[in-house]
Amino acid sequence: MATKEEVAAFIAAEFTQTKCVIEAVGNMGATVAHAVGPDELRPGGTVSGPVMMTVADVALYVAIFGEIGIVPLAVTTNLSVNFLRKPPATSRIVGICKLIKLGKSLAVGEVSLYSDGMKEPVAHAVGTYSIPPRKAQEPR
Amino acid sequence: MATKEEVAAFIAAEFTQTKCVIEAVGNMGATVAHAVGPDELRPGGTVSGPVMMTVADVALYVAIFGEIGIVPLAVTTNLSVNFLRKPPATSRIVGICKLIKLGKSLAVGEVSLYSDGMKEPVAHAVGTYSIPPRKAQEPR
Amino acid sequence: MATKEEVAAFIAAEFTQTKCVIEAVGNMGATVAHAVGPDELRPGGTVSGPVMMTVADVALYVAIFGEIGIVPLAVTTNLSVNFLRKPPATSRIVGICKLIKLGKSLAVGEVSLYSDGMKEPVAHAVGTYSIPPRKAQEPR
Amino acid sequence: MATKEEVAAFIAAEFTQTKCVIEAVGNMGATVAHAVGPDELRPGGTVSGPVMMTVADVALYVAIFGEIGIVPLAVTTNLSVNFLRKPPATSRIVGICKLIKLGKSLAVGEVSLYSDGMKEPVAHAVGTYSIPPRKAQEPR
């Protein structure tokens, strides 16, 4: 198991370009937020799809770390996203992940994506991560 | 219908931050490339998932433009990606989109994603775009 | 809006072959069960994937009816299923659907699929239905 | 590797209820057909979604057998289907599968589903199978 602080430090060190902020980790889940500015917008004055996919992907990654510790080489094998509502250009995107399966080699979770302050989700994702066998993991 | 030059000019103007390069548009398809540098990498020395999802999403968007003209407000409703092989850190990602349905309000396409120079795809995506009714589209 | 009884009568009349039983409809959701016998099994002594996909698809269909009335021509446009655990051969499959978007022309919902009596889901599905415009619907 | 005849015999023995007919197996692919009669129809006079999902699922299963031999305990982990056009009530559904990855433990393939005689696909599926380690496989 990794704490929120350990996960946040890992993400800051290994994904130096990311704008994702780790808000919570644990209890088979995680919450990740992403600021929205001009770089995140697309025609229609709304947040671009890839920003939301990034938040979903990171939320799954760190939710797994909260359960089994930091496993950098865990990789996404499948991510499926449904875009539901147009997020306003003025609010952060917040992804709330809940793992629905945590096996030895595969983990599956769903992520509800919100525009901060809105009650209904703007998108919903389901993803699968492949967890490498212990010997293949980098020493940490 | 929009030409490759028209589409490239639109993307450059409206998505100023993107590193996506339009390589081909037309015949119910499109080819989009994305440079890979330190910003695109993740632990394991491979390209991060969101980079590949971005290429898939843009390739679908511009393939639609090649058929019906530039419709900026077309939006992704669903994108599902399978990650198949680890792309090396040293090559561009190239997405080749083929539309499999182009209806009045929905378009569906698949995208094979390659690491430039590799024969087998590194990822495969299928996505749906919602095309707004004519009156809702911005004049261009 | 349609009641559980109205929906069950419609399904019985229009899908005479189905083994799906409507257990609950309403509050943006539905519960559908499916008996498991020799016809539903596959090698390994477990329930075949298509049985679970069928339960998910029907649960989405009837959840929509619970909100907008019986619209027979609503059709699935996308269904994505993750299979999580091996259901035993001896228990019904129960699908619990929750709609996450109900628009005028598209509805999206997720379905957790259980083997009756197990606490953790055996599968999870997300699906989109296209709802035809009023004039295209059959009179009922 | 298993031949078309071996695969067809296995399916006939183990899935006695199925209406799926194996038409071709090999070259990283498979073709599977399914008759359409009253049991396969839904309101609107079209083929029900679960019939198409079943064809896709079986086509993936047998395409894998064509490459690695008959592995009954291979199981679907993910299946995502897009429904594109309304198949007529009068023609068989034919699924043409092409594997896009065949690893030791995971195989991924896509399936184009046709209404026999139509040129454009009625649906498109992408699925992942988990292949059990050799020792876990039943002797055959």
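Order of writing sets the chain letters: A, B, C and D. Residues in each chain are counted from 1.
Keep this in mind: contacts are C-beta pairs under 8 Å (C-beta built on N, C-alpha and C of every residue); 3 or more make two chains touch, one makes a residue touch a chain.
Keep in mind that what you see is a predicted model, and the values were worked out from it rather than measured.
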Higher-contact pair (C-beta pairs counted), B-C versus A-B: A-B
Farthest chain (mean CA position) relative to chain D: A
Centre-of-Cα separation between chain C and chain B, whole angstrom: 33
Rounded Å distance between chain A and chain B, as computed from the means of their C-alpha atoms: 22
Sites on chain C at which at least two other chains make contact: 77-78, 80, 82, 128
Residues of chain D that touch chain C when the two form their complex: 14-15, 17, 38-39, 42-44, 46, 48-50, 53-54, 57, 72-73, 75-83, 86, 138
Contact set on chain D toward chain B in their complex: 78, 80, 82, 84-85, 100-101, 108, 110, 112, 120-121, 124, 126, 128
List of chain D residues in touch with chain A within their complex: 77-78, 80, 105-106, 128, 130
